[in-house]
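Next come two complexes built around subunit A: one with subunit B, the other with subunit C.
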Partner chain A sequence: MQIGRRQFMAGLATTTLLGSIGRAGAQSTTLSAPWMGWPEEQVAPLMAAFEKETGIKVAAERLPIAELFKTLEVRLQARNEIPDVYLVDGPLTASYAARGHLLVLDEMLADDLERFLPSTLVQGTYDEKLYAMPLGTSTQILFYNKKLFAEAGLPEPSADPAKRMTWEEALSIAQALTKPEISQFGIAFENCNPYQLLALPQSWGAEVIGPDQLTAAGYVNGDAMVDAMTWYQELHQTHKVAPVGTFQTGVTQEMFGSGKLAMIVGGTWNLVGFEKFEGLDFGVAPHPYFAKGTPVTPTGSWHIGINPRTAHMEEAKAFVRWLSTRDAMDLWFELRQYPPSLRQIWEERASTNFIDPVWEIVQHELEHTATPRPATPGYREYEDFLKTAMQDINTGADVRATLDRAAQNIDREMRKYR
Partner chain B sequence: MISSRWTPFLFLAPALAGLLIFRLTPILVAVGGSLSGVSLMGELRYVGLENFEYLADDPEFWESLRTTLYFNLLINPIQLAVAFALALLVFRPLPGVWFYRTLLVLPMAVSTGISAVLFGLFLDGNLGPMNGFLEWIGIGAQPFHRSHDQALYTLIGIATWKGAGYWMLFLLAGLYSIPSTVYEAATIDGANGWQRFRYVTLPLMRKPMAFVLVADTAINFLFFAPVYILTSGGPSGSTSVLMFQAYRAAFTFSDIGRSLAISTVLLGIIAIIVVLEFRFMRSPEEAK
Partner chain C sequence: MDNPFQKPHVLMLRYGLLSILAFIVVFPLVWLALASVRPQNEIFQPVSDFGWNTFIPSRFTLDNYRTLLNGDFPLAVKNSTFVALTTVLFGVVVNALAGFAFAVFDFRGKNLLFLLVIVSFMMPFEAIVLPLYVMIRAFGWANSYQALIVPEIANGMVIFLFRQFFASIPRDFYEAARVDGASWFYIFARIAMPLSWPTIATSGLMLFLAQWDSFFWPVVAASDSAYAVVQVAIARNINFEQNDWGGLFASTNLAILLGTIPFLLIQRFYVRTLISGGIK
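And then the complex of A and B:
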């Protein structure tokens, strides 16, 4: 077939037209948003709902937690327009805000702030300004495998916070449930991060950072910290009721799901996470505490923040405003089960479709025992050294020497914030 | 027409440009950057030798330096010896030798990151199959990279698994380049197998071995991914090599100046050691 001049011109015109439509499509804004590496089905629906409402796309880049922090460090330090919005881990608010990486949100959310539970607004606030909006909060509860308890003839732990187990009781139960011959362990913490483990020294009565929020010596290596972390080490090394070297969430979840672990201290996100294990019958109880001390639970969660240098300021603000709505927060709760930060959702959901008794426990902890991580601009450094120290203690390093070293290193790094 | 005098330079230009852009410029930037610091709000300023003074005063840095040197003191001779032994094994044209050669080269096809993740699973104390095997044969479970005493050696093992096949290829090429007449002459002179190896193979392999040792040293001083993925420098700093410290300074503590100072120190060490290795591996004739 021969192509005539007329056909050629028509073809050319069509191609040009299609090309320009394609470009126009590409010009609709896409917000760049480094996000946590949660399963796609817990992230994509949220972004899709926002796009449906506003036509603005959100390119959520799902990264494992350590990678997320490092990616953000690299991109924010470049001080250019990307990312547009990003997930802020609560205790890192001060670090980002002090370095000019977060937009102040007070004015933008002025009419909305009273819709939030006041305690959830603490972590996103630095220097009396709100820099990051809470997408929820968190607490830690004790999950236990009902079948393993029944097999051992043990009574199930009470879900009543007033009858909370002590760590001493938890240890003796864990000993009864540990069976080395079939690689079954009694108890584990979901991971080895300060977020989870600081509750131990805090329950023992330790102050985990100096009053200036910049001093580690005497706190990170204080006597109460050393004693509590020695207890943690003995759980793994002396009593051998907890698996050694399981630093990551995935491993401990897998062990609990497959019945190799009788109890796990973990977050409410496991309510969704454990669904994949068929036949797993689990119960929940409040976080244990030391008999000599007081009940303390970890708290704080993910926030959303805006890069003040974004080239898409209006769209970025629209995204954050939309996330603060009841519908968006409701959807987010369905997807990931973080304790909500909006008062209204608590009120609407109480005694409806919250999975009982989890949410009674969560509500109690948030009101009475939740203890936030240190609000220091040097939290990155603090967490990094302390996490390494906690891992070393888990695998058998000398507790005092390890914490001395961590304290020394943290103090060296904190100099720049003084 | 371009004069023939310039022709070689013309052909060399792309490679030289690549060397300049991708090798020398970053080195100059790194050395320059090691004299700078960034304030909390991101302003870049000249700080002179402040970053180096910080390192001199930092016990973590000195421990890391010791770990890096010890690691290299072990891994480079081990990798060279293993690669050479493998090359000798698969040098002879035995039936099916191509199969073993392929097997030995296969780890090259697995990226360093993936191999670290795989070994992490393989050696895991709770879910990994390796300890099951060790218990079965009666040795008992080992903590591997989760133990202060074993972590560095575990990493050396992983790196050697990954690298030995690659270095073997260079040594195999070297073995093939030794003319068979030399061996025939030695045999006629009455040399036995060991003597042929000691007085013919080894001296003639000096150059390929020097190349492998130097290239391997340069790579192993920059050893990083398995440390990052498996141990994060622990337990108790036992695997905290300088590259990991440089990475941590830049990406966790946002202190690019200090990170570049560590890189500069590393560069200096590699340069000195490579010069020493070249001297050491010189043949007696060259040394004169």
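And then the complex of A and C:
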């Protein structure tokens, strides 16, 4: 049988017709908002509060973190009206803004910018324009298990940033707390992401990216970076005080919660995360630093941005404007305890939530030691390669060779932004 | 009894080795199953103190499953089942028709088209996800069952399987039927398809599992929670800052168990195709 041109054209026409029927049926009146996969009860109340006030619905699609980034790539690169608004990871602001995926917010929030902590605005800014509004910020602190310290007869670390531990001290304490016979480790980093680990080379004095924000060679594989990451590797491979291959927050959290880990460097979200462990008695201390260098802490968090191609521009703007209000930010802090980006919340809660030593530490770090990740349009690529390199270093790969390869790969990808 | 494999010590060695291999394969699954019936705070404790506790929960609980059943998971199972079964239904018909055409007819560009079919299943999905998404959006299908089902119906691998099977049926069958005045569609439906049960079973299973396991495309194309499929529901238990291990293990277990049902139902056919495929 021959399939003739006529049959072929008939098939094509049918397909097109079916397509257009589908199109006519799709009319949406809600804002589409890809969101982080936080538990439903930490997301829905925020959207419900906005709907109650304005009548505009927000369909928050809770996605696991890796899929959130991948999905945003696909949707944004499709360059159409979806999504309306989306969560922007602070350091990705430049990447989205450079590719035209974010609306400039300066005009809209012109009278409001004073209300934010300046350090939180930095990561939402690219090319001196604000593209993504900070919903909060973050810092990392040292959590320690009080029971394990008491058992080993060790004094608890001080919560005073002025008496901050050095990494050298932390190592010797970790050695005293490591007991291989019962699989107990002294210390761990919550995960293996550049967000958390870049504080090591930065405290050592390393510049982690070139001044043009596009050069990795000589920085990602610079001597200071190699030395600091060698120290990190020795923690796992030579001194064996840190567990190997625990790359995920969920896993290290369980180890700390079940008393198999004496100290963990982690974010403030652990305050909620550790609640599920009954009988866990933990204390907090500031992030350690290298004696030869300066204290540096990771920072940055989630921002919100508007897709410039949205078909619901007014509603999207209303949502972002509403999120910048005191009430919305206060509710958001109730739901997820990220250090707030509005000064007002800090002031209002100064005598209630923030008397805890944790928040005193957080406040100090945000003012003095918080160091944002590189503001490069290629942060996505930078982070991907560096994260893999850091995982390889954790499990014992040659440090210099690994970082050389990462630098080479990053530089290759950065070429498109030059 | 000259067979060297029947000697007792050889037998012992053989079964010993097989047992070790079986243990390595089965143990993680057993651990997964057991972890899901433990209280949340006990899931990770026995990992570091390897012993009897690793296998026997101190307290047996169905809490994790109860929480699942009260949440979004039943909806996800319903969605996945609907999407997978619909895909199988349409997929088998469409791909069989395509396979039949490739096997029986001669038309211009046939080889080129068949090459495209082969290329289509060699192509990583990530490479086509962007244009596919743009197309689905243009049809207005984002967040709909069509978005989940239609792109998965045509499957190069399944077309290939059907083509190979139909090509193995002697052409005399078809020609005899033509001489008797049967239409091509009659031949396809009444002669070719009834002969190809094993291929239908295999392809049905492949299509079903592909949909049951699909994750990235549903996340991109239909992330509305009303259309969440099983794998997406499972992934919702994990996020960057905290994990719900109990929910994760319980939902993974259910997904595995439910996904096995179609395989158990048509296992006999499935094995037969693999064998017959081997002889040809």
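Quick note on the criterion: the second predicted complex is superposed on the first by the 389 of 418 C-alpha atoms of A that agree within 3 Å, B and C clash if a C-alpha of one lies under 4 Å from a C-alpha of the other, contacts with A are read in each partner's own complex, and residues count from 1 in each chain.
The rule is simple: a residue touches a chain if its C-beta (ideal position, glycine included) is under 8 Å from a C-beta of that chain, and two chains touch if they have at least 3 such contacts.
Treat the numbers as computed from the prediction; the structure is a model and nothing was measured.
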Original post:
Between subunit B (first) and subunit C (second), which, if any, makes contact with A:77: first, second, both or neither?
Top reply: both
Original post:
Who does A:254 touch here: subunit B (first), subunit C (second), both, or neither?
Top reply: both
Original post:
After superposition on the shared chain, which partner residues are touched by A:416: those of subunit B (first), subunit C (second), both, or neither?
Top reply: first
**OP:** Check the residue A:222 against both partner chains and state whether it touches subunit B (first), subunit C (second), both, or neither.
**Re:** neither
**OP:** Using the superposition on chain A described above, determine whether A:395 touches subunit B (first), subunit C (second), both, or neither.
**Re:** first
**OP:** Determine, under the contact definition given at the top, whether A:339 touches first (subunit B), second (subunit C), both, or neither.
**Re:** neither
Original post:
For A:186, is the partner it touches subunit B (first), subunit C (second), both, or none of the two (neither)?
Top reply: neither
Original post:
Looking at the overlay, does A:64 come into contact with subunit B only (first), subunit C only (second), both, or neither?
Top reply: second
Subject >> Between subunit B and subunit C, more extensive residue contact with subunit A >> reply: C
Original post:
Hey, what residues of subunit A end up touching subunit B and subunit C alike?
Top reply: 70, 74, 77, 183, 254-255, 260
**OP:** Show which residues of subunit A lie in contact with subunit B when the two form their complex.
**Re:** 69-70, 73-74, 77, 79, 98-100, 183, 243-246, 251, 254-255, 260, 380-381, 384, 388, 391-392, 395-397, 402, 405, 408-409, 412-413, 416-417
**OP:** Can you check the complex and tell me which residues of subunit B touch subunit A?
**Re:** 38, 40-42, 58-60, 124-127, 143, 146-148, 232-237, 248, 251-254, 256
**OP:** Using the touch definition up top, name the residues of subunit C that touch subunit A in the complex.
**Re:** 40-41, 43-45, 48-49, 105, 107-108, 129-130, 133-134, 137-142, 144, 146, 184, 215-216, 219-220, 223-225, 235-236, 238-245
Subject >> Touching residues on subunit A, where the partner in the complex is subunit C >> reply: 1-3, 18-20, 22-26, 34, 36-39, 59, 61-65, 67, 70-71, 74-75, 77-78, 80, 82, 182-183, 248-250, 253-255, 257-258, 260, 267, 269-270, 272-273, 276-278
